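Got some structures for you, see below.
Same chain, two partners: chain A is paired with chain B first, then with chain C.
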Partner chain A sequence: MTFDLFVLPFFIGLLFLVAVLVIKYSRWIALMDAPDRVKAGMALFSVNLLKSLREVFLESLLHRKMFKRNALLGYMHMSFALGWFLLIVMGNLESRIYSGGHINPPYYPIFLKFFIHDKRVLPFEIFTLPGFFRFTMDLLLLYVLSGLVLALFKRTRSKWFGLKRTTKHNSFDRWALTSLWLIFPMRLLAESFTAGIYQGGGFLTNTLGSFFALILPVQYLAYPAWWAYSTMLGVFFVTLPWSRFMHIPTEIVLIFLRNAGIEPGKYPGSFSEIEIRSCPRCGVCIDVCQMNQVGLTGSTAVYFIRSLRDKQPDISLNANCMMCGRCLEACPVGIDTLGLRVGARNVDNKILASDFSYLPARQETEKNVDVVYFAGCMGHLTPAVKRAMLQIFEAAGINYTFLDEDGSICCGRPLKLAGMKDAALKLVAENTSKIKRTNAKILVTSCPICYKVFNNDYKLDGMQVMHHSVFIDKLVEDKKLTLNPLGIKTVYHDPCELGRGSGIYEQPRHVLKQISEVAGVTEERANALCCGGSIGELNMSATQRNVIRDNALNVLCEPNPDILVTACPLCKKTFGPGSGTPVLDIAELVAESMNQEKPALKSKTIVEV
Partner chain B sequence: MDKKAVNFGYIVTRDRQIDFDANDHTISRIVANAEPSLNLCISCGTCSATCSAAQFTDFSLRKIILLLRRDEIKSLEKEISKCMLCGKCQLVCPRNVSTRNLIIQISKALTTVHP
Partner chain C sequence: MAKHVVVIGAGPAGLETSASLAKFGFNVTLVEKEDLSGGHLKKWHALFPSLMPGYEALDNIRKGLNPSVKMQVSTKITGMEAVNDYFTVTGHNGWQAKADAVVMTTGFQLFDAHRKEEYGYGIYENVITSADLEELFASGKELLNRHGRKPERIGFVHCVGSRDEKVNNLHCSKVCCITAVKQAIEVKQKLPDAEVFCFYMDLRMFGRHYEELYKEAQEKYNIQFIRGRLSESTEDQDGNVVVKVEDTLLGKPLRIKTGLLVLMVGMEPRANTRTLARRMGLKSVSDGFIQPVDEVLHSNYTEIPGLFVAGTCSGPKSIADTLADARSAAFAVADFFKK
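Right, the complex of A and B next:
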């Protein structure tokens, strides 16, 4: 017997799912840019594929990144993914062996215990461990069910899983989730009832089966239970493509494309469509978002991505994001939430025109310097930082020029973050030509916002871009600057654009350690908080910004530092008015440490005279 | 000047009155709704003093806000397109006006109401 009517809900559901996936995948391939398509095609036949498979195994099955966040959360996700995957693999093996190596219809392994009741008499068992498959299959089922129990606990005890807040799901997701949750209990019941009749199960189903047989008419219940099991599978497969569980097939594609070197490109586009569908709405990004502190929860990465998927992005909500990158850092799938947000803002703000024709004609004379310094708009707002940098250049004997001494043309990043790419590009072009005319080898900037855009979007013909903290570190390493310990305790605040945005964590600390005792705080480096002054946020009121600022200050000033040090003029400007502890830029502190010797010497001479 | 008129050495200009109430208030209303902090502005001009764009041209956010409040919107669109959205104005504003969003909302209102 290899067919029964009850397999139909499952079988039809599966065919439907495969058909939908084929249609969706072909649409994505068609949407792709031609060069990307070639890249992806080539990657299919290179070592990249192995890399992708490894990553799929580690992330999609083992959920390594989830484990890193919280062991219980990782276990829950792993038991579902790995457990189900192994059930499928083992089930297929088992059924292949039982059927003497024939290829079976897809439903056969799933419902094997309906079709084959008494495995003990099968010839194959003589050659392997007796009962090996029955034992393993029961163990795997138990494994998945343990994850299910955890998932139920997570509803009310989300804190155990490292989540203060969990995702609010819409009705479609709830349908899919309910069917998913019912699949495995139904399987357990169906297999147990059948085992109760024929004793053909493993340790779990046989024991349960015998027990059920004592109190229930299992011979009548077994068949309906198989129907229920098949129906749940069918419902799950049919709802999957429109639910968050679409992430299961999509994340694999995402990993593959990423490894093939395809960049998160424009939105809307093929890659962004795939990214959007790779989000399982796990909710890991919810707690890390500082917008929670002011009740702005509507545009958290998970909901923002869902709104894109539902094709109803909310313009005003979309503006509510500091682009701090904390969600990106936390996301176990590595979805480029910031890129998607900028892309969506580009669509929102398409109507804005910008005209910078008033800028003076580009005719600065060519210069010949080693270093060109760009303070940036924000740098000009903090003249002390600017002055400190000029002092440092002088002290180190650098042949430099101050590019925006008489006023900056904005670097373009604020416009870019606001979704006005074309306007941003106009400013990029202006600055590029100004910078190139200096013929410098190194471009030093005081503002991490400028630093990031210079690095990512400017084509400067190999000119090296350095944030001033990195440049200072290099000067000290090259012994061009001598620093004196200041005998103070500092805390270093990682600016978002410099830390998470550009991966610079160590150089500023390295410099600071030579002049002060640097205390650590609970949330630093990649987990650092945003100061709240972010230029990426468009909608928040000043009061709300202050709440975020003050909470960040509480964390940063926990070790009672003498000075709170940052490396971003905007952070300094934001923290300053709210902080009881003085806030200084790293350049200011370095300049002070350079000059430290002079006053000391002076007073000495005075005493001697 | 009329040659026959007697030259007294000065000119008397005719009475002139600008009736701001007669202007169309749609845009300022839309903007004030979208960014209520507009109402906090005291026209102090600090924003204009620090403005990046104003280093190169006579662009002034203070003027823009004044014109908007009077619904004198004719030249507004051209003016507002000069902003670099750098955010300096927001950081210096003593009244905590969310200037960047204000600028975005003004441009949006201008383009959607009078496309």
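Right, the complex of A and C next:
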């Protein structure tokens, strides 16, 4: 007997799911341009595939990043993913014992214990092939069920799992979740009842089955239990493409496309759809979001992505994001939350009317320069930073020109972050021609915001772009600058756009360590906090920004430094007015250090503030 | 025995409160952290709207002080405690007093203009504050910029550190608008050929004769009032301060080269006042000034019986407002002792 009517809910559900996935994926992939499709195709037959498979194994099955966050959380996710995966693989192998090695219809391994009734396994029989499988399959089922128990605990004890706040799911997701959760207990009951009738099953199903047989009419209960099991599977498969569990198949596609080198931001409506559906709504991004501190919880990445998926993005909520990238850093799936956000902000795209004629004409310099310096708008709002940089150029004997000395136009990044892509492109084009005309080899900027956009969006024909902290580090390494220790304690604040945004963590610290004692804080480097002054945020009030600023300052000033050092004029401008500890840019401290033979800045314990 | 009242801070508010309290016949000790009374007024050249010299105003206030008022100068208050029905007040130098009532007249501190880095105070030599300008006026020296040149153009920036949430000050400092008008006129009197610009958000000419003075500044002295907040300033090679500002009435960005830029710094609660208030358990509000029981009906009373406030420690005030508030505080103390 290899068929029974009860397999139909499962079987129909599975066929439906496969059909939906094939249609959806092909539609999204078809929307990509031809070279990228070829790229994706080629990647299937290259070492890229191995890389992707490795990533799928580590992340989608083992949930490595979840483990790093919290062991219990990692175990819970792994038991569902790896446990179920192994149940499918092992079940398939087991079923072949009984079909003489042939491939069976998909439902057959799933419901094998309905069709095959072996006798009870004696302990020594575990070393026979059927015995081994019976034991392993029971063990795997127990493994998945242990995850289910943890998942139930997580509802009320999320702190054990390292989550202060968890995702608030909508009712559709709750239905899908319930069907998923019921699959495994149903399987346990169905297999145990059958084992009870035939005295078969492994250590788990046999024990339970024997017990049930004593107290329940298992001969009448087994068949309905198989129906229930099949129905739960069917319901889950049918709801899956519209629930958060769509992430299970989609994440694999995402990993594959990403490793094939296709830019996620390039395809709103296709690749972005794959990213959006890869979000499991695990809620890891919720706790790391600083917007919680001012009660702005509606725009957290998980809810923002859900609103995109539901095709109901809320423009005002979408504006509530500092674009600090903490969610991106925390996301176990690596979804480009910032790219999606900017993409969604593009609906507001406006055209820039100005032709920049208000700017004074820049006098073209005859001389050839090595370095072109761009202070940026924020650099101009912190004249001490600008002045320090000019002192450093002079001291190091750099042949430079100050591009925006008499004013400038913006680098374009704020407009880009606001979703005004076309206006940003106009600024980029204008600045690009200005920068290129200097014929310099290196473009140095004081502002990490400018740095990021110069690096990512400008085509500068091989001109090297450097943030001033990196440039200073190079000057010191090349012995063009001599620094003197200042005898003070500092804390370094990683600006979002420089740290998480551009991966620059070490060079500023390397410089600072030569002139001060650098104390560590609890949240730094990739986990650094946003200062609250973000230009990516479009809606927040000054009062709310001040709350975020003050909380960040509390973390940063915890080691009681003499100076809080940052490498971003905007962070400096934000922190400065709210900080009891003096806030300086790294360039200012370096200028101070190279000007002084003896320490100029005394320890806070001596100076009365 | 006559009641003993300690008044903390010998600025205009403290002097006037002490004078009035002495007239009621109380024993008064006036404590001052500096070696001389007068507070900010000591350094202030002239008062709006009449241009009365600051020293003349101060002399008159000091004259009201009865010799029975005990002056305790060079004493910084470090502690105060309410014990049963009296207070013990302690100074940094070991001075201590038992008081039946205390009046806090601790005043304000000027906003530290370094905190608005974009304006360039402490970075560009020719950026000064309104207080620096008063000192310059008071010195009687010729009005030159820091490079020893007569400025051809002078800019006044209103609301520096006031009405600015970015520096945690949402409040209006009340007196800077009219002070800027006054100082602009004084500059014009000294340098009739200079062009004078005032960059403002709103002009709050709330006091008697203020509006007249503002009108005079425009009509008689040809002072230019430009509505727009300064965005930033830079320095050119000659040491001039180049300001960027948007004229929000014309809707146009401007760049103006000034020989001297004056920042109208606002009033902030003193850091020490905040500490003292916190230690005494006084209600704190977001602007940091001491909160009286009721701003309209009981502006001198605090939550603690026997502890009173007067002057700018409970919010920005002009000298005239401060003196009236001080006399009112003395009356409140007398009333308190009657009960």
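What we mean here is this: the second predicted complex is superposed on the first by the 563 of 609 C-alpha atoms of A that agree within 3 Å, B and C clash if a C-alpha of one lies under 4 Å from a C-alpha of the other, contacts with A are read in each partner's own complex, and residues count from 1 in each chain.
In this text, a residue touches a chain if its C-beta (ideal position, glycine included) is under 8 Å from a C-beta of that chain, and two chains touch if they have at least 3 such contacts.
What you see is a predicted model; the values in this text were computed from it and never measured.
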Given the touch rule stated above, what does A:G407 touch, chain B (first), chain C (second), both, or neither? both
Mind working out whether A:M420 is in touch with chain B, chain C, both or neither, as first, second, both or neither? first
Counting residues of chain A touched by each of chain B and chain C, the higher count belongs to B
Chain B versus chain C as contact partner of A:H380, first or second or both or neither: both
Partner chain(s) touched by A:P185 [first = chain B, second = chain C, both, neither]: neither
A:P106 contacts which: chain B (first), chain C (second), both, neither? neither
Can A:L538 be said to touch chain B (first), chain C (second), both, or neither? first
Which partner does A:G578 reach: the first (chain B), the second (chain C), both, or neither? second
Does chain B (first) or chain C (second) touch A:S354, or do both, or does neither? first
Is there a shared patch on chain A that both chain B and chain C touch, and which residues make it up? 358, 360, 380-381, 406-407, 541-543, 573-574
Chain C contact footprint on chain A (complex, rising order): 358, 360, 380-384, 387, 405-407, 541-543, 546, 572-574, 576-578
Interface with chain A, chain B side, in the complex: residues 37, 50, 52-53, 55-57, 59, 77-78, 81-88, 91-92, 96, 98, 100-101, 104, 107-108, 111-112
List the residues on chain A that touch chain B in their complex, please. 319, 349, 351-356, 358-360, 377-378, 380-381, 406-410, 414-415, 418, 420, 423, 427, 533, 535, 538-543, 570, 573-574
Across the complex, what residues on chain C touch chain A? 115-118, 120, 123-124, 165-168, 231-235, 244, 253, 255
